[in-house]
Structures are given as C-alpha cells and as structure tokens.
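To keep things simple, chains are lettered A, B, C, D, E and F as they appear, and every chain counts its residues starting from 1.
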Amino acid sequence: MATKKFMYVNRKAPYGTVYALESLEVVLIAAAFEQEVSLAFIDDGVYQIAKGQNTDGIGMKNFSSTYNALGDYEVNKLYVEKESLEERGLTADDLMPIMWEDEDEDWAEKPSVRIVSRAEMADILAEQEVTYSF
Amino acid sequence: MKFTVMVNEGPYQHQSADTALHFVRAALEKGHEIFRVFFYHDGVNNGTRIAVPPKDDRLIQQEWSNLAKEHDLDLVICIAAAQRRGLMDAAESKRQGLDADNIIEGFRISGLGQLIEGGIQSDRTVVFGD
Amino acid sequence: MSMLHIVNKSPFERNAMDSCLKHAREGDAILMIEDAAVGAVDGSTIAGDIKAALADKTVYVLGGDLAARGMSEDRIIDGIKVVDYAGFVDLTVENEKTQSWV
Amino acid sequence: MATKKFMYVNRKAPYGTVYALESLEVVLIAAAFEQEVSLAFIDDGVYQIAKGQNTDGIGMKNFSSTYNALGDYEVNKLYVEKESLEERGLTADDLMPIMWEDEDEDWAEKPSVRIVSRAEMADILAEQEVTYSF
Amino acid sequence: MKFTVMVNEGPYQHQSADTALHFVRAALEKGHEIFRVFFYHDGVNNGTRIAVPPKDDRLIQQEWSNLAKEHDLDLVICIAAAQRRGLMDAAESKRQGLDADNIIEGFRISGLGQLIEGGIQSDRTVVFGD
Amino acid sequence: MSMLHIVNKSPFERNAMDSCLKHAREGDAILMIEDAAVGAVDGSTIAGDIKAALADKTVYVLGGDLAARGMSEDRIIDGIKVVDYAGFVDLTVENEKTQSWV
C-alpha cells in the first residue's frame, strides 16, 4: 500500500469526553499500517499528555500511560503547541516525558514530544495528507 | 432531602453519565432520597442492556441497573427521545412492530411529564448534560 | 436564596464558564466539574476572571476531575475550595437551587 | 400539586444540536402541570427564536412556528438577553413576533418576548426554583 | 474521486449525521465514489434498526440503510465503539452471549483498520463530528 | 497544496473557529457549516476576525445552514461565498486535503 502522512489532531481534554481515549485507539491500530503518523496536541488537547494524571477520584480508567507505549509502535512525532500550553498556565515540564528508541542510533532514547509554536503547528498541519480530528 | 437528577448525555461519549452516577451514589450514602433519575436526549442510551465495554473499563449501563436494584431507584427513559434513538422495552418494541428490544433491567420508559413531576416533588433538581 | 452554578465545560473551549460568571450573583456558589476543572489552575488566561468572581462568590472544584487531568491542588487559584462527590451533594443542599451551565 | 417557578435556559443554536427542539418538547408537556414557566434565551439560544428560519436546505423539520403556539399554553415569558443579541449582530427586529392573548384584558394580544439586559437576566435566573438547561 | 467519510456523532443529537448524509448524497450525484463511510464514537448509533422517530421527522438510520442499498455503500461501524454503546449484529450478539441485536441492514461491524484503509485508499477523507 | 478547513461550531460558543483561523494559511479555504454558519453574519463580535481571514483566504458558508438559523444571505460579510452540499463536495475536490475543526 501507498505511504501517506496521517495526522491525528487532539483538541479536547481527556475524560470529559471519550475522544482522547478513542483517538488513541485509532493511533494504535494505525501503527500496524506503516504510514507516517503524527499527533498534534492543540488547545485543550495538551491536557491529554499532562503528567501525574490520577483518575482514582472519578472511577475512570487512566489511559495516559498508553502514550508512553507509542514509541514501540514507531509513533514518535507528538507535536504540542507552545501557545496552547501558555494560555493554560502550563509549561513543557507539565507534560509526560514520552520517549522513543532510535533503532538507527543504537536504540538511543529520544523525546517524542516536540514543543512547537502556533506558526510551526500551522505548517505541520499543512503538510499532512489525511487529518483525523477528535 | 429529595432529589431529581436529569441525565442528558449517553454513556462513554461524555463524562456526564459518570458524574451523575457518582452524584447519585454520594447522595444515597448521605441518606438523601433520589426521587427519580430522568434520562433525556442521548441520555436514553444509558439504558441499553446489549453493551459490552472492555473488561478493564467501567460498565456504566450495568452500574445504573445495579444501583436501581440495590436502592429501588426510579430510572425513567423519555419515550420520545428513546424512539428517535432506538431504545425500546419489550412492550414498546411490540407496539411499534419491531423485532428486538434492548432496555436493561431497572429502567422504565415513560413520558416527559415524569421529569416535571420530579421537579415539583423534589427539593432539588440537578442537571447533568453536555 | 443562593444558587449553585455547575460548570462542566473547559473555559478555554466553550463560553459556558464565561456566561456563568456573567450571570452569577453575589453570594452564589460556582462548582467546576469534569473538563471545567482545568479552569481552577492559576496562571492561565482566565485565572483573572475566576479571581474576580472570588471577591463576592465562593468557587469550588471537584478534586477528582482536577487530578484526572494531571493538575495538582497546590497550583489552583487561592481561595478555590476542593470538594469530592459528597461535597458536591452538600453544595446542592446548602444552596436552595442549582443551575447547570451545559 | 405545589406551584413552582420553572426556568428553561436555552443557550444553543437550533438544528446544530437537538437541544432546542427537545427543550421545546419539555416546555409543551410542562404547560399541562400549571407551573410558573419562563424561558431564557442566552448566548446562541437567541437563534432559536430568530425569524425567517428556513430548513429546506438541510432536510430538517422547521419547528420555529411552535414557539408561536406557546401562548396558547399560557407560556408567555420568553426572556431574551440584549447583550447576546448585540454580540451576534442581531436586534429585537430579528426575532419572531411571538404573542399571547391576555384573558384578563379581553384577549388583548401582547408580546411574549421580553428583551432584558444581562444584569436583569441574572436577577430573573436567581428567582427560579427549578432550572433546566439545554 | 474516491472518498472516505468518518461520522463521529449519533443521529438527532448532533447535526453531523445529517450533514454527512447530505454530503455523501451530493458526492454520489456528482459521480464520485464513496469508498467507505466509517462510524466511530457515538456515530455507531446511526446503525440501529429499532428507532422510530416521529412521523413528521426524518429517519436518519433508515436513510443510511436505504442509501447503502441503492448505491452499494460500505457502511462500517467500529466494533470497539459499538460494544461500549450497545450496537450489535447477530453474530457479535451471539458471541457475547447477549439476547438481542439491533443493527440495521446495510451496516457492518468491523475494526478500526477499516478507517485507516479508507484513508490510504481514498483521495479524500472528510470527518463529520461534534 | 491548499487545505479545506471545515468548521461546524458556533464561533460564539466554542474556540474551534478561532483555532481554525489561527492555523489556516494563505490560500486555504474555510467552510462554515451547521452552527458555524452564524459566524458569516456581519456586525458581530467576530466579524472582524473573519474579515481579516478574507485578506488571504477564501471563506464559504453552507447556505442551508445559514437559512435554517434565520439569517438571510444579504447580511453576511462581503466576500464570503455561499455554497450548497454540491458546492461543499466541490470544495473537497478543489482542495487537496481537508481538516475538520470539531
């Protein structure tokens, strides 16, 4: 099959709606298709990869650790918008340290999360061929 | 104190159904009376018995059903909203000439008047929606 | 006769919180649940509006919803009180009526 | 049964979601219970009673004429927020001329729509005993 | 041109399902090919056969079914989303040990891979959601 | 390689339109459908943002959605083009890809 650039745009907080969880389920399945996969975390989507999520108080499954597994599926381009963080009083330190291992560099651990400006995000979104929004 | 709770969103898609469940449980634990829980809009989808969520996830529809049994709750699904969305009990399914029903034990289907009656009879009405 | 205003939408995504703040009156209580919980964090673009509301209203956040979104209680705006579901129920009892800003 | 003040708060545009239609269905049923019923149109809710609604192009039922029938059910307090209109570039002239007939004044026709300021709306909302939000 | 359409909301509650229907019809009228319509999230609720909307309203679930028959469309419901929400075909219902199914003719239940395949095979992917 | 941005949420209720406008690029097309159609009306608080977008992007509104909400075509912002569902399909063909701001 042809290789296309797939983008998953996440703009909603986790748990309040199912979109974050079910988006992640698509990404995991998509990994098997060997396409170029990127994820964008814009607006409230940045809360999806906030560290320290604890769902004990709301009785829902905490699925945030799944983002750490994305690297194993060769999904390692997680673009996070800087302005979205700032507007919410957050910084890069508030995000989970999601990593992947680079096979070409003796399995060196590298960060999957890439903080980009809004202008850079616009360019990244423009490069995609198939964009799913959640 | 006497409560009527209104649930306007379906299970899983929005957290409203979860929050309503937690609220009802907490109210019962405090000794309050739940006069009625009224399911409207997509809220009617809380009442299906043919859902099978993943094993490691919560079972929202079943939890409502269990809670109803345990506390003799009155869980009412709005008939107009249910007809649009495909929630049916055996009687309504037969009346409509359909070949299946899907309502879970502990829920009943009735009219919007049940919501208004809840508002009149209860000390508090709390709405959970999108 | 105070009102409990319940907001469940992120203040960054929707206008529900903004509309609530514009209609709540002196002595009212505002409870942030579900995605609205993120509005309790200090340093955001809407923190100023929440602080202004605290001048004559009480503001609460559901702790479980705050924690689920990775926000610890030590970073919320001074004066916001954290409640659990039992506290949520108490708020609906203490205030004579409720309005949900869905 | 006791008489209570019931308020129906409408904050969403019609047709994009079902809330406007199903809210109206509740109001019509509620009328039979002889309670004090008020409706508030705030934020995008003002579009629900915009005049000239034409749904031919989207294949949905145009239910806007039902608001005209509310007077027959003694539902004649439709509060519309002035600021919500203004923010959307609308005026009172953009709304349907919803009327009711006053039995006490020889069935004189009177407007059901009352334009109020945001501050007045806050006071009206505070007076209610049961508030449904859609 | 070849399209895959993704529908993420249920019928009636949000206009997304209506818009997607109109879009698919318009694309077919222009001679385009609809490779697949994939129903995810609450979108799975478009596939129930036991809905009975008011006589003067549109019949969204039935219209999808009719359109599928007329144009041999591939309407796919995501199995994971369907299980959470209670959409079942006869085989899946049996496999889960349930006593009822509710899927309407013209839809089939399958996995998320069908969505990705649609994205790869189609010239355009259009998402209709909340 | 232009993008068709599809917005279906009212710009007064949600941040989808605002976010779309901040990420759309020169030469892109923006289509307002469903509740977003009300954003096409002139004289509103967001009309300025839409006019700014018209400087280097094309903006469309689905006519059926505009009419359903009681807004006539003569009051929309100068430069916005009205399309029907067939026109919507054409836009998805003319632009190489689409992004829905749900």
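Going forward, a contact is a pair of C-beta atoms (placed from the backbone, for glycine too) under 8 Å apart; a residue touches a chain by one contact, two chains touch by 3 or more.
Because the structure is a prediction, the values reported are computed rather than measured.
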| item | value |
| --- | --- |
| Co-neighbours of chain E and chain C - touch as defined | A, B, D, F |
| Partner chains that chain C and chain F have in common | A, D |
| Farthest-lying chain, centroid of Cα atoms versus that of chain C | E |
| Interface numbering overlap (same over half, different under half) for chain B and chain E | same |
| Of A-B and B-D, pair with higher C-beta contact tally | B-D |
| CA centroid of chain A to CA centroid of chain C, Å | 28 |
| Chain centre separation in whole Å, for chain F relative to chain B (CA means) | 38 |
| Whole-Å gap separating chain B and chain E, where each centre is the average of the chain's CA atoms | 25 |
| Per-residue multi-chain contacts in chain E, two or more chains | 8, 12-13, 15, 19, 22, 41, 57, 80, 125, 127, 129 |
| Shared-contact residues (touching 2 or more other chains) in chain F | 8, 12-13, 15, 34-35, 84, 97-98, 100, 102 |
| Contacts with 2+ other chains: residues of chain D | 11, 15-18, 43, 58, 60, 130-131, 133-134 |
| Pairwise chain contacts under the document criterion | A-B, A-C, A-E, A-F, B-C, B-D, B-E, C-D, C-F, D-E, D-F, E-F |
| Parts of chain D lying in touch with chain C, wherever the complex brings them together | 9, 11, 42-43, 118, 121-123, 125-126, 128-131, 133-134 |
| Complex contact set, residues of chain E against chain F | 1, 3, 8, 15-16, 19, 22-23, 25-27, 29-30, 32, 124-130 |
| Residues of chain B that touch chain D when the two form their complex | 6, 8, 40-41, 80-81, 111-113, 115-117, 119-121, 125, 127, 129 |
| Complex interface listing, chain E residues touching chain D | 12-15, 18-19, 22, 56-58 |
| For the chain F and chain A complex, residues of the former touching the latter | 1, 3, 15-16, 19, 22-25, 28, 96-102 |
